[in-house]
Every structure is written in C-alpha cells, then in structure tokens.
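Shared between the two complexes below is subunit A, which pairs with subunit B and subunit C, respectively.
And then the complex of A and B:
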C-alpha cells in the first residue's frame, strides 16, 4: 500500500501512515470541519491494512495537542481496531505522547487505553 | 457510500435488525428481550451522536470566542501602549495595577517639585520655522524626559518649553532620598542641556536653549483634580508655586532651590546662598540657594565632605587633595580639632567652677 503523508493545517493534524514499515503517526490539532471526509478514507485504508496483517510489529503514535469530540470518536475507533489486531496475534504498541504539563490530553489517552488488554500502551511526555 | 463515524455501531444495529427479521431467536421471550436491548442500543447510539454534535458545536463557539478575545486583547494592548505615551509611566503603571481611584480624591504628601523652562523661549524661537522649532523642542523634551525617567521622577506635564516634575508620588524612596534624586537629576539635566547647546550651535541654530530649574520640597495636595468626566493627576499647593517662582528667579543654566530642599541635600551638593525672594501670600522672605560647580558631577559622599553650620563651613574633596597637600590638610584639620577641643574643655571647666562657687555660696 502506498504511504499516506498529509501535512498539518490549522484544523487538521499531520498524518504519516507507513504501511511498509508499519509505523503510523497522527500529530497536531484535530477539529476538522467534516470529520468523516478527513478521517473516513484514512480509517478505511488502515483497517484494510490491519485485516491483512499477521504476526506484524505495528506501532501507532499519537502526538495531539487538541482534538474535538468527533475526533475523539475516531480515536476510539482506532484504539478498538488496534486492540483487535493485537488480539489476532500482531504485536501492537500504541504511544500516547502529550505536551509537558498537559494533564488533560494525558488523561484522555489513559481513558482510551482502558479498553486495551492485548495491545501495549505507552504514555510519553514531550516538549511540543 | 460516505464514511460514517458511527458506522460500526450502525453495522451492529443492522445485524441485530436482520437477526430479528429472520426470526433467528426462536424463544419469543428471548427475542422480545433482544429487541428491547437492540432498541436501547439504537437510542444510545443516537444520543451519543447528538452529544458529540453538540460538543463539537460548543467547542467551535468557544474557539471563536477565544479568537475574538485574543483579538480584543491585542487591540487593548495597542490602545494601552498608545495611552501610556500620554501619562507619566508611574501613573500609568499604578492605574493598570489597580492602585489608582478614578475619583476626585487628593491627599497631602511631602514632595520635591521641579519646574524648568527655557529662558526667553519665545524670543529665542520666533525666527525659527515651525518644523525646526518642533524638531528642537521635541529633541530637548525627549532628552529631559529620558533623564527624568532614569531618576524616577513623575513628569506631571509639558507646557510648551516648560516641564513640571515631582518626586515622592506615587512612589517615594523617602523625603531625603527623593530630594537627592531630584537635585541629582537637575544637575544631569543641565549637563545634558549644555551638550545639546553645542549640538544645536553646530547645526546652525544661532540661539541655543538656556534652561532654568527651580526646586522646592514641601507638602502638596496630590491626586485627581478637575471634573469627574475629565481629570488630571497633578499636584497643587504653595510648595508647588514656590518651585515655579524659584525657576523664574533662577539664572540661565542654573538650578535654584529653596531652604527646605537645600537642608535635605546640602551634604551631597555644593550650594551658595542667593538673594531671598518674596512669594505672594507669604510674609517672610524665601531663602534661595544655587547649585555651585554644575560642571562637576554630584558629590560622592565617600570622597567629598561638606559641612555647613553656624560658624563652620567645610568643603573637603579627597580626589582633589594629592601628594604633600594631604599631609598639610591633615595638619590643618588636626589643628582646628585641637583648638575646638581646648575651647570645649575650657568652657566645661569654667562651668564646673561656677557651679562649685554657686554651691558654696548657697551653703
């Protein structure tokens, strides 16, 4: 699958999907005017990739400063898909990076991670 | 079909509906319970969808408000910056720190007040083009304001070529320290004025400015004067009037102070007494003192000593006594101290003898 590289805008995050290297990043702010049209194609390609993966080392990095409620729903979908892939024998590592001092984003990541039992979850504090 | 954020939930609902439609659950009680559960799930999905929509809308409004607030803050900051140019920095700061009351309230404080002007300003500048006049006067006022700010003066107002400043409000270092700061500032102002004259002459200005400075220390009423719609933070009182009068009596390029100011700063600045002046409404004549040695920097208390009391006028500058002159100076001072000690001892003995004699005659 061809990689996906979407540059950050005022309302949408930087997206880097490297299907070959199995490394995925979503970073920045996310409150798109139309969450379905921005995340729909990404989610579909990602779930297609996951369904074809077996015994793969998959890493997904979230480095978000702000996201709205619709984006939160998308993130929950991603977490659920990654957890399912981990349950199917893939080695999945989810990294949730938050800005130093941003306890709000940190706690949101911890809440998303409550549904995880197979995938690994790492909280990382960074200077953005 | 376009992507739906709730497509997984919709898929579950469709699956459930399909199951029910196909009568896949044989037990009617179980089927009824299943349908009830499915309906509850559908309702939950709808509620969640609405909540997310509402949350997004609220966040959007909050972001817009935050953006508007930022814009208003920027506008306010620009306005504040512009306004600050029309107020003394100390007054501006105390207003924005919430320390100033915008009502017509005044209080009495002991301040050191300074008035300065340019001697014969009208005659000096009448031949100047307005643009040249504006250039020179603005340059002069800018330089004097810079000096005032550096010394912590509150610049009350500019009236053409005249400047009115004071020390002691809204901030005070103490009455003596305020007077010291004022006199030090005044000396620096005259030194700078001398440099400006040289520059003005070099620029072809035939009649450079000669500044006069008058300083007085006394109780003033300080605060907001005027009307509640339009007020001025300033000072009034006879102490202010005296400072202005001293300025008009001052020689060009000089600094003339009242006795009150002189008494506070005579240990750091060399003065000579000048003629007393009359002030309307005050019966007594006002003693005046002119700063001497304006060409020299203000006294350093650790290197220069000055004593001025009845019967004793002493001025000692350690930087100016060099070589053998130091030993001579020491001998002179020791000689004076020796004579004064003898005089004190003689008078003390005479007082004791008289006291003994009085005691004997009483017995």
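And then the complex of A and C:
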C-alpha cells in the first residue's frame, strides 16, 4: 500500500501513514467540517492494512493539541481497531502525546486507553 | 441618533460581559474565522493558554450544533458551497465567576421534549458520570438524524466546570428558541 501523507491545516491534522514501515502518525488539530469525508478513506485503508497484518510491529502515534467530539468518535474507532489487531497477535504500541500540563487531552487519551488490554499504551508529555 | 443607538447596543453587550458576539447565518467558515480570532484574544487576555483552548472547544461544539441543527435555514443553490446556511446567535463573555459561551437558535418545537430530557439528564451528572456517558456515546452507533457523534452536549458539560444552563421559548409556527450557556 502506498504511504499517505497529508499536510496539517488549521482544522485538520497532519497524517502520516507508512504502511511499509508500519508507523502511523496523526498530529495537530482536528475539527473538520465533515469528519466522515476526511477520516472515512483513512480508516478504510488502515483497517484493510490491519486485517492483512500478522505478527507485525505496529506503532501509532497521536499528537493532538485539540479535537472535537466528532473526531473523538473516530479516535475511539482507531483504538478499537488497534486493540483488535493486537488481540490477533500483532505487537501494537500506541503513543499518546499531549502538551505539558494539558490535562484535558491527557485524560481523553487515558479514557481511550481503557479499551486496550493487548496493545501497549504510552503517554508522553511534549512542549508545543 | 444612529451612533447613540449603536453605542447603547454596544454598552448592553458590555454590561453582559460579552467579549465576542455574532448573530446571523453561520457556516463552518465563520466558525473557523471567529474561533481563531477568539482564541488569539483569549490567549492574549489570560495567562492560561489552556483556558483559551477549553473555551474554544466549547465554542466549536456549540457552533457546530447550530450549523448542523438550527431550524432557521436558508437553502443555497450554488456549486462549491454547502447547500445550507443556518441562523444562530452566539456570545462568549465573562461574568463574576469566570467565562461563558452561549448560543441561541430556533428549533422545531416537536424536538424540544427530547432535547430537554437529554440536557436535564446531562445537567444532573457529575464529572465521573459525564465521562462514562461520553465514552458510551463514542462507542455506540451515531443516533438517528445525527450528523456528528451525538456527543457534543456531553462534551460541553464535561468542559463546563461551573455547569450548563438552558431553556426553550416557543415562538411560532412550530418553532422554539433554544438557548444554552456553558460556564467555565
């Protein structure tokens, strides 16, 4: 699968999906006008990738400064898909980076992580 | 006279503690430009950039509710632009206890009981229960007629440390005015 690289805009995040290297990044702000048209194609490719993965080292990094509730639903779907892949024998590491002191974003990450039992979860503080 | 009336209008807003106010047709472009200006202003005013971001979060959820659901809607028949413009009133301000974000828009009176029930329920929940409810909504299929996650009001209530206030006022022709204030 060809890599996906989408540049950040004021309201959509930077997206880097490296299917070859199995490294994935979503970073920036996310409150798209139409959540399904932005994330729909990404989710489709990503779940296709996951369903064809076995015994793989997959890393997903979230580095979000702000996202709205419609985006939160997409993030929940991503966490669920990653957990399922981990349950199917892949080695999955999710990194949730948040700005130092931003408890809102940190807490939201921890809530998503409650979905996880097989995938590893790392919280990271960064200065933005 | 004209300037005096206008000044009076400005003073009324000032007395309400309003920092930003918009009344009219809204779309996502308006949301983005007002939102950005508001954030810069709030980041400049407070020593706490996170407060600016929390206010911005509440603002986005409230405006997206208007853009998606206001019953006062004008159909636009032109290529390349979203087909609808929806009317709303929004204000961000400061009172004795802190900041607030408030919106008002017309809605179908028929939808009032459902919204009143949902908001009354949300209003009674403590932070922990709101967190649980938010997570439940994110995991469920989107509700009928929803154009987002249907989690907006719950998210607003989570962010509003001083709570939410809301009300409905029947106008005419099956329409009611809905107001919501989120206090941070």
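Descriptive notes on the structure:
By our rule, the second predicted complex is superposed on the first by the 128 of 128 C-alpha atoms of A that agree within 3 Å, B and C clash if a C-alpha of one lies under 4 Å from a C-alpha of the other, contacts with A are read in each partner's own complex, and residues count from 1 in each chain.
FYI, a contact is a pair of C-beta atoms (placed from the backbone, for glycine too) under 8 Å apart; a residue touches a chain by one contact, two chains touch by 3 or more.
Just so it is clear, the structure is predicted and the values come from calculations on it, not from any experiment.
By the touch criterion defined above, A:73 reaches both subunit B and subunit C.
Once chain A of one complex is fitted onto chain A of the other, the partner contacts of A:14 are absent, as it touches neither subunit B nor subunit C. In the superposition on chain A, contact of A:31 is made with both subunit B and subunit C.
By the touch criterion stated above, A:41 is placed in contact with subunit B alone, subunit C being left untouched. 31, 35, 68-70, 72-73, 80 are the residues of subunit A that lie in the contact sets of both subunit B and subunit C, per the superposition on chain A. Across the interface of their complex, subunit A is touched by residues 2-6, 8, 51-52, 55-56, 59-60, 63 of subunit B.
Subunit A contributes residues 10-11, 31, 33, 35, 65-66, 68-70, 72-73, 76, 80, 101-102, 104, 107, 111, 114 to its touches with subunit C in the complex.
Subunit C contributes residues 28, 32, 36, 50, 53-54, 56-57, 60-61, 64, 82, 131, 134-135, 137-139, 142, 148-149, 151-152, 154-155, 159 to its touches with subunit A in the complex.
Those residues of subunit A whose C-beta lies close enough to touch subunit B in the complex are 31, 35-37, 39-41, 43-44, 68-70, 72-74, 77, 80.
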